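These are the structures, in structure tokens.
The following pair of complexes shares a single chain, chain A, combined with chain B in the former and chain C in the latter.
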Partner chain A sequence: MNINVHHVTRVEGHGNIVVDTKNGEIKECRFEVVEAPRFFEAFVRGRPYYELSHITSRICGICSVGHATASLRATEKALGVEPSEQTVLLRKLNFHGEMIDSHVLHTYYLVAPDFLGVGSVIPLAATHRPVVERALKIKKLSGDLCALIGGRHTHPCAMAVGGFTHLPTEAELRDMRARFVDARTDMDETVALFATLPWPEFERETEYVSLKKDDEYAYIDGTVVTSDGFSYPIEDYRKVTNEECVSFSTAKWTHHNRDSYMVGALARLNNNFDQLHPRAMEAAAKLGLKPIVTNPFLNSAAQVVEMVHCIEDGIEIIDELLTRGVQPEEPPAVDLKAGEGAGSCDVPRGILFHNYVYDEGGRCVSANCIIPTNQNMANLNADMKELVPQIMDKPQDEIRLMLEMLVRAYDPCISCSAHFLTVEFV
Partner chain B sequence: MSEWREANGESSDSPFAVLVIGLGNPLRGDDGVGPRVVQELHRRGLPEGVTALDVGTGGLDLLRVLEGRKHVVLVDAADVGREPGQFVRFRPDQARLVFAGDRLSLHHAGLGEVLALADALGRALPEMVIFGVQPAEVAWGEGLSPAVEATLPILIDAVLEEINSKQRATSDE
Partner chain C sequence: MSETTNNGKPKVAFFDFACCEGCQLTVVDSLQTHLDLLDAVEIVQFREAMTEKGEDYQIAFIEGSCTRQSDEARLKKIRAQADLVVALGACAHLGGVNALKNLHPLEDVRQWVYGDKADWYETYEARPIDAVIKVDAVIPGCPIDREEFVRVVKAVLLGKKPPVPDYPVCVECKLKENVCLFHIGKFCLGPVTRAGCDAICPTYGDGCEGCRGLISHPNENAMKDVLAEAGLTVEDVLSRFTMFNTYQVKDRMVGEKGE
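And then the complex of A and B:
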């Protein structure tokens, strides 16, 4: 058997699945990232501190808020800037908007067609119109939230070092709150839909890596923890990522305590389950998720749980902002000094690190960005190697679909890791 | 309200409102012709009631931009079977846009996919005219090819004439 999926579809970016077996033995089994490197770490060298979040936000059109937030945290730590409580709340809210936006896109547009027997969201609109209408409605809500807080849907222009250059009005927040409350019904229907999907049966335990905080389900800041019991301050992220180059991939691989680890919604759910909103926990129960979940296909189900969490937590954040009243704040003045800072956010696809060194004039001397898709590559390859022998007796088309679904379950954003994915049999 | 509308301080309620959309990636050679036309329109100054947006490669989000609009003029690089630099004016119902129904990646969702999705959902779309410009080359690199660059003045005049005729037709109603 020789499967060669040249550019897997319904993922972001370009990657290939290559499987070659002979007499029941695997000769080759790997996922290749064939995107050209993007050189963002080189673009930012020499640029002033206030440009970094805007440049690096362009790494990704789906998680631009995530990149901007991690970037701002790295810069703030390097320059000793402390964001206000209001800024922290607004950033969380903006982040929730992007989390919902990205998860609805992945679960509805990219994953659901596999289970509902259609090739993409377009024929899905013909066969399951209410499903697609719901997806568009949730996507509009999350996009509007990002525009309200960040200044526009994608690539937030209002997020700055230390604060925001534009603030929402209380009336706008109240309007958004009403729409979030209304979205509860959409979330219930989303959970009900995904609870009916026949997720492939496949278990492979691995090490799950995410952020962790004492007081909340962590998305921004905290410590880096692993399900194998390790914990590191964000500054020590390299002890977790241990990047290495592999010959067939332009995305670097990472490993920690084992040969590979997993990041993303499933890793967060496994590590921080008790901090989910009670309604999100109910959703997890309906979807059959109880930590430790070791089926990587269920990463998409974990994303559904996180959507519920972000809607509920979003309502609570808006309530807190309204109770406090939106204060007219300007981003604080920055005292320039040489320094280094590492920022981390757990973005839709998993834990993300930005690390910058600045000179005394506030210009970037060096930068390191480690994105989630890279960190998942070794684990995805390990899953493929374990899955293929289990399904080798199935028809080739079924094997190919299963492998594509596995790749998609990781929600890889290859565009960010290097960029396109295709699958083809030879 | 979409951030684009807010950013442009424009009212789409006016019966004269026309939206010009440029689609494409300026880093991919002639694929950037749509955004370039938008840029040139802004440089010249837009006629009253007209908004011009560079929607880049916004994919399915284009649906959001189209909804609620009355008149849209859209400029996109397209294989219209002509010589590089030549362009064709057409309405969506005059062409069968090829879309990647089964092989859709979101970075690749273009006008064809958006119109197919709107059709499948039974969404009402604005009255739309498309200028499809035949590219000489779509590959990594900034700037248009000499053939497409040379056609810009005629293309922009054609877009402005289209806007004019739409506004005239509206005022005659």
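And then the complex of A and C:
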């Protein structure tokens, strides 16, 4: 018997699930990425340094701030540009906006319908109006924050090498602070809602990879750490990622100490739990998350915890900006020179690397971008191989839904790299 | 959607090809302020946001460029079904950033990214969807503008021509009373680029990058003079044109570079 489902829905990007079983055994089980490759690394060659973050933000419509930030850090390191403290604060705040935006989209729009027994968020507008309205409100808040700092919600235009070409006013920041404080109630309700969801029971321990910093829950810069005890400077990212091509996927696979590793909210929470804001730790307790969390389905719950963290930390960043006063800074002048730099951010879906080489005229001669979804591919496949035998006695519709839910838990953003969801029962 | 009675509402489907899906996300975001859009249409297919998948639709929104021979059959199938095809965003409208790869030999591009596995990955010159199928309306931009999306949808539902401007970004920039970026030593493609974005990039201190495409009758020579006055080389100027408009300007570029 064959069951074919084309396109994994409710993920950003495309993927296939191929489960080929015979006599209760798995013959083949893998998540494929066959989305049209876009070749960013090849076509940024020859482009001037100031275009790189603007071009590479177009890798992903949901992580555009993350790509832009990692891209700018790579360029800044290559050209020896040091962003000001104000720029660092504004980038963190902008990043929190995208983190909340992406997580609310994933948890409310893409994951919650699975538990409420519907195929999308659209029917929820009629049956669960307050839930949908809350999601829209949080999403508008985060999008408005990105627009305030970056100039545009998707594909920021005010982010430049070394700084910002436009700055928010203190009045705008005060208004944003009030909306963040108001969002605490929405976060409490969000935690309460997700604490009631019956997460599928499935445990598979793996290696968790994230950024780490001494003084804060790391999203931008720091060192690359793994739960197996490894630590690397960002420049040595290739020692972690070890990219390889696989024939059935346009997304390259990665592995480090084991056959696969996991990146994203759950990896960050596992590696940096003690640095979460106290309110986020309370949320984690209510959601039953205590490191080390080894159920990949709980990546979505970890995203809820991070939303709380970003709201609270966002308030603190705004307070610091207001205390310092917004200084009328221009991005610093750039002295062109040949050089290489690697930038890293832990974006909503996990750790991201951009690495560029520039010539003496400031033109890109070589580029490498390693996105989170690629890094999760091998781990997702390993989870599927372990999950399928555990659920083989369930009806095929349930098996298919569980596999789709597992894919969605990883929040794959395959547009970054990559059309069919094929669940095939032989 | 299945439980909703249709009441003659037009059935709408969303499709994506090579793109970042930021335009579809902008469509989702337009619901923050226009949730009533869901009362005016029936969405039968939107892979990014829903599981249901209907093949019976009248209006197709297509995001992304055509970058593979094998994409053409899918595009033609959508065209055969839809009464109205709308190109959503710069990738579908212009080819967008995907077409930057057309500036390099295709074999080199494939090998650069996939090495000796290059043959595994199909690709050809990135192109706008109207290079493959007839397009009835366009929502320009990278990404699309939320409000313009709502305006175009309203027009399409009323059977009117979508009100996409055909004057340059400068008009909107002046209305916003921005200081011209050329006056502060920056450069900008606003004089030749289609308005409708409310001059967002110049307003935030960043020169227009031409993501909405050239206006129908751009004064390109005057534009080049302005850029030259600002001390920019032909290469800089061409580079600015190519970020989103390589498919449109590539042939001319090769000619000018050779002079």
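Some points to look at:
The rule we apply is simple: the second predicted complex is superposed on the first by the 413 of 426 C-alpha atoms of A that agree within 3 Å, B and C clash if a C-alpha of one lies under 4 Å from a C-alpha of the other, contacts with A are read in each partner's own complex, and residues count from 1 in each chain.
Methods note: contacts are C-beta pairs under 8 Å (C-beta built on N, C-alpha and C of every residue); 3 or more make two chains touch, one makes a residue touch a chain.
The model shown is predicted, which means the values in this text are computed figures rather than measured ones.
After superposition onto chain A, partners chain B and chain C are found to clash with each other. Once the two complexes are overlaid on the shared chain, A:Phe43 sits against chain C while remaining clear of chain B. In the superposition on chain A, A:Pro123 contacts both chain B and chain C. Legend: residue contacts after superposition of the two complexes on their common chain; A:His256 is shown touching neither chain B nor chain C. When the two complexes are overlaid on their common chain A, residue A:Gly151 makes contact with chain B and with chain C alike.
When the two complexes are overlaid, the chain among chain B and chain C that reaches more residues of chain A is C. Once chain A of one complex is fitted onto chain A of the other, the partner contacts of A:Leu105 extend to both chain B and chain C.
Once chain A of one complex is fitted onto chain A of the other, the partner contacts of A:Arg134 are absent, as it touches neither chain B nor chain C. Comparing 96-104, 132-140, 204-212 or 222-230 from chain C against chain B in the aligned model shows that the clashing stretch is 132-140.
Overlap of the chain B and chain C contact sets on chain A: residues 9-13, 105, 109-110, 119-123, 125, 136, 140, 143, 151-153, 415.
Listing the residues of chain C that touch chain A in their complex gives 1, 3-4, 16-26, 28-29, 31-33, 35, 38, 43, 46-53, 64, 67-68, 71, 96-98, 100-101, 103-104, 108-110, 112-115, 117, 120-121, 123, 142-143, 200-201, 203-206, 209, 236, 239, 243. The residues of chain A lying in touch with chain C in their complex are 6-7, 9-14, 35-48, 51, 54-55, 58-62, 64, 105, 109-110, 113, 119-123, 125, 136, 139-140, 143, 151-155, 157-158, 160, 164-166, 245, 247, 250, 415-416. On the side of chain A, the complex with chain B involves touching residues 9-13, 105, 109-110, 119-123, 125-126, 129, 132-133, 136, 140, 143, 147, 151-153, 415, 420-421. Interface residues of chain B, counted against chain A in their complex, comprise 2-3, 6-7, 60-61, 63-64, 99-107, 113, 116-117, 120-122.
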